[in-house]
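Sharing a structure below in structure tokens format, with a few things to ask.
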Amino acid sequence: MGGPLSAIPGVAIIGCGLIGRKRAASLEGARLLACADAVPARAQELAGSVPGAAAIARWEDALLVPGVEIVIVATTNDALTPVAMAAVEAGRHVLTEKPAARTVAELDRLIAAARAHDRRVRVGFNHRYHPALLQARALVDAGALGPLMFIRGRYGHGGRVGYDKEWRANPELSGGGELIDQGVHLIDLSRWFLGPFTSINGFAATYFWDMPVDDNAFMTLRTEGGQCAFLHVSCSEWKNLFSFEIYGRDGKLALDGLGGSYGVERITWYRMLPEMGPPETTSWEYPRGDQSWSIEFAEFVEDIRQGREPNPGLAEAKAALEVVEAIYRRSGYLSGSRLPTPDSRR
Amino acid sequence: MGGPLSAIPGVAIIGCGLIGRKRAASLEGARLLACADAVPARAQELAGSVPGAAAIARWEDALLVPGVEIVIVATTNDALTPVAMAAVEAGRHVLTEKPAARTVAELDRLIAAARAHDRRVRVGFNHRYHPALLQARALVDAGALGPLMFIRGRYGHGGRVGYDKEWRANPELSGGGELIDQGVHLIDLSRWFLGPFTSINGFAATYFWDMPVDDNAFMTLRTEGGQCAFLHVSCSEWKNLFSFEIYGRDGKLALDGLGGSYGVERITWYRMLPEMGPPETTSWEYPRGDQSWSIEFAEFVEDIRQGREPNPGLAEAKAALEVVEAIYRRSGYLSGSRLPTPDSRR
Amino acid sequence: MGGPLSAIPGVAIIGCGLIGRKRAASLEGARLLACADAVPARAQELAGSVPGAAAIARWEDALLVPGVEIVIVATTNDALTPVAMAAVEAGRHVLTEKPAARTVAELDRLIAAARAHDRRVRVGFNHRYHPALLQARALVDAGALGPLMFIRGRYGHGGRVGYDKEWRANPELSGGGELIDQGVHLIDLSRWFLGPFTSINGFAATYFWDMPVDDNAFMTLRTEGGQCAFLHVSCSEWKNLFSFEIYGRDGKLALDGLGGSYGVERITWYRMLPEMGPPETTSWEYPRGDQSWSIEFAEFVEDIRQGREPNPGLAEAKAALEVVEAIYRRSGYLSGSRLPTPDSRR
Amino acid sequence: MGGPLSAIPGVAIIGCGLIGRKRAASLEGARLLACADAVPARAQELAGSVPGAAAIARWEDALLVPGVEIVIVATTNDALTPVAMAAVEAGRHVLTEKPAARTVAELDRLIAAARAHDRRVRVGFNHRYHPALLQARALVDAGALGPLMFIRGRYGHGGRVGYDKEWRANPELSGGGELIDQGVHLIDLSRWFLGPFTSINGFAATYFWDMPVDDNAFMTLRTEGGQCAFLHVSCSEWKNLFSFEIYGRDGKLALDGLGGSYGVERITWYRMLPEMGPPETTSWEYPRGDQSWSIEFAEFVEDIRQGREPNPGLAEAKAALEVVEAIYRRSGYLSGSRLPTPDSRR
């Protein structure tokens, strides 16, 4: 335990729903050895589709399967922290889905455990690895926009019949609604470009769905230097939408779409000229989908090999959860605190 | 004074810049008798283009030209209230450009004067009369969206070289920056759909331009029922943008563009079906421009003839300015208070 | 034979590939009794998914299964006519995929057989039942465009690796390339709006793919009244495209997309005003997909019940094939003439 | 006569309508000395706006003004050749608007005169110098598309009330309708990319306007190697449209818009990948308008200085007119042949 990673690392996946299966399909250079799910059939189906993988009845046992070096936690939110903690305590490195925990307090326990056991924990803010975001990052780093001023983000979907009866609507399981679900992506992306937020304003509300968690959240986040992220997330957005606009003194980037029902992913660069007037405009589209899950996993393998701190990791998850919690607190939402049982994320 | 309006009302225009000339071109059913401007050549040019119109050296005299029943005030913001007050005191009805005053206190004096002299005062929130807004109003009134939940608005332009040396950058003349300029339109439109705002959050900032007024403002406004208007206005928007999105329980309206450099005006109606999933989608485009100035003026003539309170009028202007002032106050901006000389709006 | 259709008609499907399976999923009000395929596993898979359906080894036997009243022929082009003929000779009504035959001569035999046995034969030009086409038909019928002048059509896809090794690249199996595949749709739609074509110009060519059939065809078709259909079909279109533009004296309809990889289906109506200038513009989008297969099948059931001639039926298929053949003849392509074995359409 | 061009060449403009004035505004590095128009007021207005320029009553005299080295001919089509011929006979170099002549025979006389007097004649196919076309040319020359296969072009506008009473509707003045007006641009652009056309098919028709010239033309042009240009031009297009699509074995370029009422100019590059599927997609937009007139004039100055043959010049105009004439001939249109008087182009 604690030695260098194998050439072909062994992986266990806890939570074999939609997300767990996507993770299993994005493990280039590694091999799935074990998987577990609260619904045994789901684990068996996944294991059956990967040579060498075994479905394990108890998730605690899956962590201990010999050769498992990396544990992917793709459960409902309530189980993310307990499973990740057990994994690091068993000496495994962990890739956990966002938000990594339902509360900051919960996350702090995982942070302590990871530090105590010297294990790497990466948090699945996979949006950073979408092609338009990678292109945005490269353009900003190259100075294409000059100093950044503010960001606008809109992210949402329209749910589906019965959405308010699913696990995300149950605060015990989810820790919250739309803000802790899609909101943490926008918060993380904004912080990635602007830096830490020292001023947090906004509110969450339940406008449409019949559920005790929020379905909309509006945020105005500011850095110490006064830069602003003006963000809205919604599961009453009706027409699926992802829009992320980054403004600098010298230009603007507009990102739209994430593929699939969110529309073709595209980034447009508006470059101001000294004489001002309409900006020079260049667009890139990514109709071939994203490799975000594969890139993210490969990055994690490199984190472990190089002994570097995953980014986004626990610090980034904590920063996002601090925003979430501040807004939930002032909006009158309470998050669940009871002991969870790990079910897979759908 | 106070008798019924003539069949063809006489009009005086104070401020013969870009906006004054647009007003002069939108006076169907009325006739321009007099105009005045701090720059005499501008008044002469306008008067020369309209048979029967005279350029008057002093604006105070233009109000008193026999036959003038309606005064249009299209000056810089500092002169809007003084000129409008003098006009109502001379027994004229007034169509004043938004924001009608630089501060609520200034506006209150005009409100008192209009009441004392029983004159109608309309405020030029012409956006309400753009074709996409008229269509939105009709759809909402017909129940197409069901109960409204929230509105998102984004409105901005990219300025031009030297923008920070123009009158809008001088708080004495303007009363503020982007928020009091384009912001009042978004505030007024949002209030038109959602009703009065009882909670005002947000801030204004000067990110780009070298001027003592704001170039960006971010607002989170809420009604007593919790509906939200989430609004951003900017004169560092780089690519001119008007976007106004209205969400109800049963669907969404997305308005884009205002013609010209803002792009073709368009409204898209997304109608949710009981089975949910992608909404039914219908769009209307208005490539033929807007008649907003003409409709607005015709509405004002009807206001006067029917003795009805103009809407948008002083109450709507006050509601918008209260938002502006609240945000300026908490953002550390101070508005000018010195006596103005009326210059035309460019 | 020849009696009235059952309340719930029995159906056999010959050819259980992609298209056959789509047909099986669009049989509301009917029941699948039998299916057959040159690859037995395909028939078994389809039969296994529909209660009451049986996989039959020989397609000739499938036609004779008691209770079968409608036969759907979804084979490669070479087998369409032989199977359809055998079906009508067995007293069945037939819904055959377009182009219904590889040549006019082949089709004429089917026409004679259908007449001799008094059976209805519908041809699967399903594009007519896409929502944008239905809307176009309704608008044109209501006079929205005034008298029609011309149509432009562009339809194409980019193939896939190995496309030139598939059955469509083999003239024995297909009767031709892109023109007889996607081209017949554009020809049929154009004729539907403009009427019969009395002048046929154009050519087919093989630009890209290594195959003995065409991958592009350019057509200029004219009616007796001089109206024109200007059509291009391509399987080197690279970015999947469906565009169909209908011009009348009073306006234009632009149809784009067919869903899926062709983009969201949309129709835009440009209505000219007497003062000319930019037209009034209304758009409808259909993000929920099309019901064309179901509507088409329901129409066929009505054809049979009411004893009406299917439209599109054999006459429409013949009109399209006459265009195809004229263009192939002058472009130097020869179509296959050998006896086929029925394989399913993929 | 015939010596090297002055450092700041002197220019005369014959025809001071819309196009003549645009030319006058695009003469960087040269100076306007003389102008003439059939309507003297137009010449006087233009001359009055340019220091050093004189309005000359007779166009023949304008050519002879001392210092005039370049003559720009921006008249109606009937006068293009006579004026250009007189100019070259007077030893001037000539930039003439497209189509340079109403017929090939007429143009041949100009070609002979230019050769006899050794003068350069450039023809104003300015579309080649639009930014999207320049970008297309650069991409094609760099091999981005691989070998070219075919081009589709659609170009048109919706006219205006009374369009059929304007000079373009009079064959004596215009030589033809839409085909000789906008059509020559598409023909020239297609030939620029594909090379000479050895097969010309198509027809012109008068569908909408009450005039003796064509309002629509459909073309299928082929090179010796079989590459195809499939082109449609229309002045019953209703919604102004410019679309030019270039297909190569490795990708596609789609050009849309020309600015103004044709929409923002844009080029999209679809690059095929070896694994096929959706292409890589990059777009560039040109919201700042085009510099085509200035670039074209600067190119002409270089033509003269370097003694090189203008391209596009008389050979390119002849190639375009040969296509026009072939299509007019088979469509039953006759072009005017009477002697013209030069009126300016509007």
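Each chain carries a letter (A, B, C and D) given by its place in the written order, and its residues are counted from 1.
In this text, contacts are C-beta pairs under 8 Å (C-beta built on N, C-alpha and C of every residue); 3 or more make two chains touch, one makes a residue touch a chain.
It should be emphasised that the depicted structure is a prediction, and the values quoted were computed from it without experimental measurement.
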| item | value |
| --- | --- |
| Most distant chain from chain B, judged by the mean position of its C-alpha atoms | C |
| Whole-Å gap between the CA centroids of chain A and chain D | 56 |
| Whole-Å gap between the CA centroids of chain C and chain D | 43 |
| Per-residue multi-chain contacts in chain A, two or more chains | 277-279, 281 |
| Pairs of chains found to touch, sorted by chain label | A-B, A-D, B-C, C-D |
| Residue ranges of chain D in contact with chain C within the complex | 149-150, 152, 154, 158-161, 201-203, 205, 207-208, 216, 218, 220, 222, 226, 228, 230, 232, 234, 236-239, 247, 249, 251-252, 261, 270, 272, 275-279, 281 |
| In the complex with chain C, residue positions of chain B that touch it | 273, 277-288 |
